[in-house]
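In the two complexes that follow, chain A is the common piece, with chain B as its partner first and chain C second.
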Partner chain A sequence: MNSSYAVPAVALVVVATVLVGAFGLRISRTTSDFYVASRTVGPRLNAAAISGEYLSAASFLGIAGLVLVQGPDMLWYPVGYTAGYLVLLLFVAAPLRRSGAYTLPDFAEARLASHAVRRLAGAFVVGVGWLYLLPQLQGAGLTLTVLTGAPDSLGGLIVAVVVVATVAAGGMRSITFVQAFQYWLKLTALLVPALFLVLAWQGDGAPRHAFEEPATFREQRVVRVDDSLDLKLDRPLTVTVTGTVDGRTHDDARIQLPSGTHHIERGTRLTFAKGSTVPAADRGTNGGMSTSLAASREERPLYATYGLILATFLGTMGLPHVVVRFYTSPHGVAARRTTVAVLGLIGAFYLLPPLYGALGRLYTPELTLTGDADATVLLLPDRMIGGVGGDLLGALVAGGAFAAFLSTASGLTMAVAGVLTQDVLPTRGVRHFRLGTVLSMAVPLAASVIVGGLPVADAVGLAFAVSASSFCPLLVLGIWWRRLTPPGAAAGMLIGGGSAFVAVAATMAGFPGTGPLHALLAWPALWSVPLGFLTMVLVSLATPGRVPTGTEAILARFHLPEELRAEAKA
Partner chain B sequence: MPNQEPAERRVVVTGPPRRTRRASGYYRPRTEIDEQTTLGHTYVRSLMRTQLRAALAVFASLGLLIGPLPLVFAATPDARRLEWVILGFCLYAPMVLLALWYVRRAERNERDFVRLVEDR
Partner chain C sequence: MSGFLAGLCVAVLPLLAAGFWLGRRTARPESLGDLGTPVEHATFQTLHTASLAAPPLRAGLTEETARKSARRLRTLLGTDALCLTDQKEVLVWDGVGGHHRGEIMERLAGPLESGRGEAFRLKCPDPDCQVRWAVVAPLTVDDRVHGALVACAPRESAVLVRAAGEVARWVSVQLELADLDQSRTRLIEAEIKALRAQISPHFIFNSLAVIASFVRTDPERARELLLEFADFTRYSFRRHGDFTTLADELHAIDHYLALVRARFGDRLSVTLQIAPEVLPVTLPFLCLQPLVENAVKHGLEGKAAPVGKSHISITAQDAGAEALVVIEDDGAGMDPALLRRILAGEISPSGGIGLSNVDDRLRQVYGDDYGLVIETAEGAGMKITARLPKYQPGVHPAGRLSEE
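Moving on, here comes the complex of A and B:
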């Protein structure tokens, strides 16, 4: 791909982010501005900011890549991300704003008057936040590598530096503007190329076989295998090989591979004839964002789909960067309306990735082999349109992708830094907040350099599963159930969230291998969420003496409309 | 009158009746809520119940909308394009409508509650 337009586009996005942040900084005058934008952000600006923050690398690049590799089943991800906001609206939005909690630990302390529960919630926030930051940095690295061939960690480093600079300098007021700006940038960056791509598709005779299995090459195509991989063939395949297959070296030789598994060494060039089927790469051997734990359709039972649905529906409310934003609404009613606007904005955005996924299956099916499926969105304009137009559109997409990394990463950094400042660092204050910002970005950056290829879908899925099994019970029961006790909340979070964490960690370490146990551990939400709820309820019922005094008054504050409460204070 | 016993003096004390808050004017649930009496808590609980009912109703609709879809897709493995169209493009508008419905209902519940306790 031609990088002479893409690099300036990425640079432009970075500069614009810093400039908009600086504009926010100029009007960010008070400490209250800094932390919560003085709670005066109107629904429209706030909704754009929330959406901008929420639409991460996984949404911008990952979904199209997943659809390309694994078919339309993967569209459950965006559906779940959106429905998660609906569930958040139903059970949490207005009471959470009225609770006056700035972070999840604040909520835990306000509701349960327990410092221990607060610390536990803080630990979970930092953990989930770091898990979610990691794929953002890796995605940035991948994008820059695809665009320019720069080393893997450079993109992540750029994102980290820009985010720390904007967040530490301007705080909440400044990133509200930055993120609102980035939502519209991201939408434009997908929408405009999509229009041209659809036109190109129509000019191509509107082929419709996108989801016929298996995918086939539309023209002769040379694929360079960058990382060694195993090919699984259902039927014999004729291919021209330059390089090493199954230990035998070929030089531009046309060979027929019998069905079965074949090992392709890195650096091998495979030339596929027009109309030949695209072979499936064995999962786990090739990295990238779109590789998932329970990968192929056959290995992913119905159970996994329901597990994914439950995790995303209930996990959204517990994501640390989501909660922080609610406090910037002026009151509970505004918080609700903001959430509806967010639903509309992210719903509109999610209409686009499925389009890219389907076009990717038609025009770039070989990306499933090279392990760069996540680059589908970046490469399609060049592949389908080509020329200067294709380069310009590709540059627009690249800029949008960087906006995605920047905005989600700044929201997460803001949230994690908030917790670190309040609960870990010795004294409070804006200066320590800045120290917290650096800390909260340094750890995932170091991890992304050290650990390397943790697939994005997995890291994001893990974050959702842990959040759904720990914070969802805490928020829902805390808001609607008056008999919740501190020991109950702590036990529920530890057992629900802890078991989800252990299950996915075990799967990543490759512990159970295959079979039903593997599915149970790879998609834990279906049992860990009920477990979290049940533990919280049972332990609370077993410790009735520990119900905090003043629970009634706190619940009244959560649920009474502001107009009643304001007079009550007067 | 020195020889008159104090007990025999009967004095009728008159005056405006002492204004207790409870008896003042009309009945005011507002006060009950502000002072966190048992009755006040009952009011708050009734608001929570109506709000929870509204949330659960919309949640159930969402479940009915989404819940059967994986089963349908699993039953028709050949209709991949249908799955792509439904998951990709047909679910977001209904979700926004559900959200609008819920917000209207929740705000109406709150208005009704304010009217009730303000006794307007």
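Moving on, here comes the complex of A and C:
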């Protein structure tokens, strides 16, 4: 891929982000704009900011890759990512805003008046934040590798440095404008190329076999295998090989591989003839963002699908960078309106990645073999349109991808750094916020360098699972159940979130490889969320004496509209 | 392999956290096993039990605190049953013989009236009942009887009478401390109420004078100013709630500045720089307006009336979990030593409620870390920085009055 356009595009996005962040404040010099300058953020602007912060690498690149590799089943991902806001709208948005809490630990303290629960919530915020930052950095690495062939960790390093520098230097003074800008940038970066791609598809005779199984090559295609892999063949395959297959070296030899599993060494070049089917890669240790948990999915598709749905539906409300944005809404009703607008904006965005996935199955099916399925979105313009136009559109997509990394990473970094500064580091102050920023980025960066090639789309899914098992019970019961007690909340978070966390760790460590246990650990939400709720309810019922005094007043404040409260007091 | 490493790292983290927590728990000196002679040991044991019973009582004598402390107190006295009462009813009965509640309350009328302890035999139809005698020791705070401690035993015992009296005295001291705590809280509340900002009378006179001067020459302008004045005073005089949002406070400042501008015209210019994220931040009511008033006063001070100009800038920034509000003027400034004395309350500044009031209120609400930071020197203007946490327990805006 030609990088002469892409690199300036990425640089432009970075510079624009920093500039909007630093100078996007509302400034007034005359009396007449005083009102304009001090007007609160409207629901639509805030919704764009929330969407911009929320649409991460997993959405921008990952979903297309998943659809490419595994077909329409993966449409549950965008559905889940969107529907999470429906749950948020129905149960959480307005009361959370009225609670006056800025972060999740604030909410825990406001509701339960307990410092211990606050600390525990803080620990989970940091854990979820780090789990979520990891795939952002790895996605950035992948994008830069595809664009320029730079080493894998460089992209992550660039994102980390840019984010830490801008956040720590106070460059995110107007984060609402930055994130809103990023949303529209991301939408443009997917929408404009998509229009051209659809036109190209039309010009190509509008082939419709995208989801026919299995995918086939539409023209002769050379595939270079960068990492050793096992090919699973259902039927014999004729292919021209330069390199090592099943331990035997070939040099531009046309061979027929019988059905079964074949091991292909790294560096091998396979030339597929037009019309031959795309074989399925069986990848154990190393995968892109989209190949990882495929095995357990295939074994138990129903269980995995429900696990995914539950995690994404209920996990959204516990994402630390999403929650803090609701504080910007001036009141509960505005928070609700904001959520409705977010549903619209995100829903519109999520129409596009599956389109790329479907086109990818037609035009870049070999990506399932090379493990770069996540690069589908980046490679399609070049493949389908080509020439300068393709390069320009590719640059636009690359810029959008970097906007995705930057916005999500900066939001998460600010959220994690806020918790670290307030609840972990000894004293407060601006210097400590900087230290917190560095710390909150250093850990995931180190992790992504040490464990490069981790199945990262799952890291997002797993972050959702941990969030759904710890914060969802806390928020839902905290808002809707007056008998919740501090020990109950702490126990529920520890057991629900903790068990999800252990399952995440076990999955990442690759234990155990197969079987029902693996499916249980790989999609923990289905059992860990009920476990968290149950623990919270039972322990709360067992400690009735510990219901915080003033619970009634607090719940009244959560649920009464602000006007009523003012009238009641006046 | 790398996936395994990652998983290992993730798995080790909660283990580390659990280990840290366990270490903290076990490091506490809970065991008294190897301390000196048996007598010393017993002393420590008693003191330890007493210290455990104390914290709940520091919150006053209620059903909940009585329940929490009764078990410890019974261990301290070593009796079969112990009960704590207030003046009307039994708050808690710890131990056997709970059916004596009613009888105890009847017999307590005398001691509660006189404030003197006594011991009496209990009537019980049950021959196996463990409690036959009750020792009553009143709990007094400032010579007023708040309730009684009743220790029950199978037989009469002078030791128990003595011990119950001592324990009741000790409990009374805790209740007195609770009383003290309460009055301290009330004092702080009263202080906050007293500190609650009022607009300066000078401002009212000046505004009315300015409006009057426009009534004939420019009636429309006079009407507008009168409305601004009405809006501003309505905000300042409102009765409910001690807190407001930054957005509302800025609107009040806008009205205030409109009136001030009418008086000074071109001599005063104002720049406003606001990050919209911080507008919903809650802050003590009328705590920025006095700072702006101060900036207006100092900005124009010592500048020749017709030509001298002053510039004020107001910025509000987002800084993580805090909002940073900076108010800056380019006026006469102030001697830092003098300012320090004003803030310490040694001398009161002329006119207006000024900086020390705002400083006091911010410290009351957010703690001593959140006082005003003022940078100034004579002739160098003044820059006032206030840090406002976005969330503070117990700090909520009073609610919106109307939708704008």
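Please note the rule applied: the second predicted complex is superposed on the first by the 538 of 570 C-alpha atoms of A that agree within 3 Å, B and C clash if a C-alpha of one lies under 4 Å from a C-alpha of the other, contacts with A are read in each partner's own complex, and residues count from 1 in each chain.
In this text, a contact is a pair of C-beta atoms (placed from the backbone, for glycine too) under 8 Å apart; a residue touches a chain by one contact, two chains touch by 3 or more.
Worth saying up front: this structure is predicted, and the values here are computed from it rather than measured.
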Partner chain in contact with A:E563 - chain B first, chain C second, else both or neither: both
Partner chain(s) touched by A:A123 [first = chain B, second = chain C, both, neither]: second
Partner chain in contact with A:A113 - chain B first, chain C second, else both or neither: second
First (chain B), second (chain C), both or neither touched by A:V15: neither
Which superposed partner A:L199 touches (first chain B, second chain C, both, neither): neither
Contacts of A:A447 with chain B and chain C, given as first, second, both or neither: second
Which partner reaches more residues of chain A (counting touched residues only), chain B or chain C: C
Which of chain B and chain C A:G418 touches, first, second, both or neither: second
Where chain A meets both chain C and chain B, residue numbers: 563-564
Residue ranges of chain B in contact with chain A within the complex: 30, 33-34, 36, 40-41, 44, 47-48, 51-52, 55, 58-59, 62, 66, 70-71, 73-74, 80-81, 83-84, 87-89, 91-93, 95-96, 98-100, 102-103, 106-107, 110, 113-114, 117
Chain A-facing residues of chain C, complex: 1-11, 13-14, 17, 64, 67, 239-241, 245, 247, 250-251, 254, 257-258, 261, 269-277, 279-280, 282, 317-321, 369, 390-391, 393, 395-403
Partner chain C, residues of chain A touching it in the complex: 25-29, 31, 34-35, 37-41, 100-103, 106, 109-110, 113, 123, 127, 170, 172-176, 285, 327-331, 414, 417-418, 421-422, 428, 430, 433, 447, 450-455, 498, 501-502, 504-511, 545, 557, 562-566, 569-570
Touching residues on chain A, where the partner in the complex is chain B: 67, 71-73, 75-76, 79, 82-83, 86-87, 89-91, 94, 208, 210-213, 302, 305-306, 309, 333, 336-337, 339-340, 343-344, 347-348, 350-351, 354-355, 358, 480, 552-553, 555-556, 559-561, 563-564, 567-568
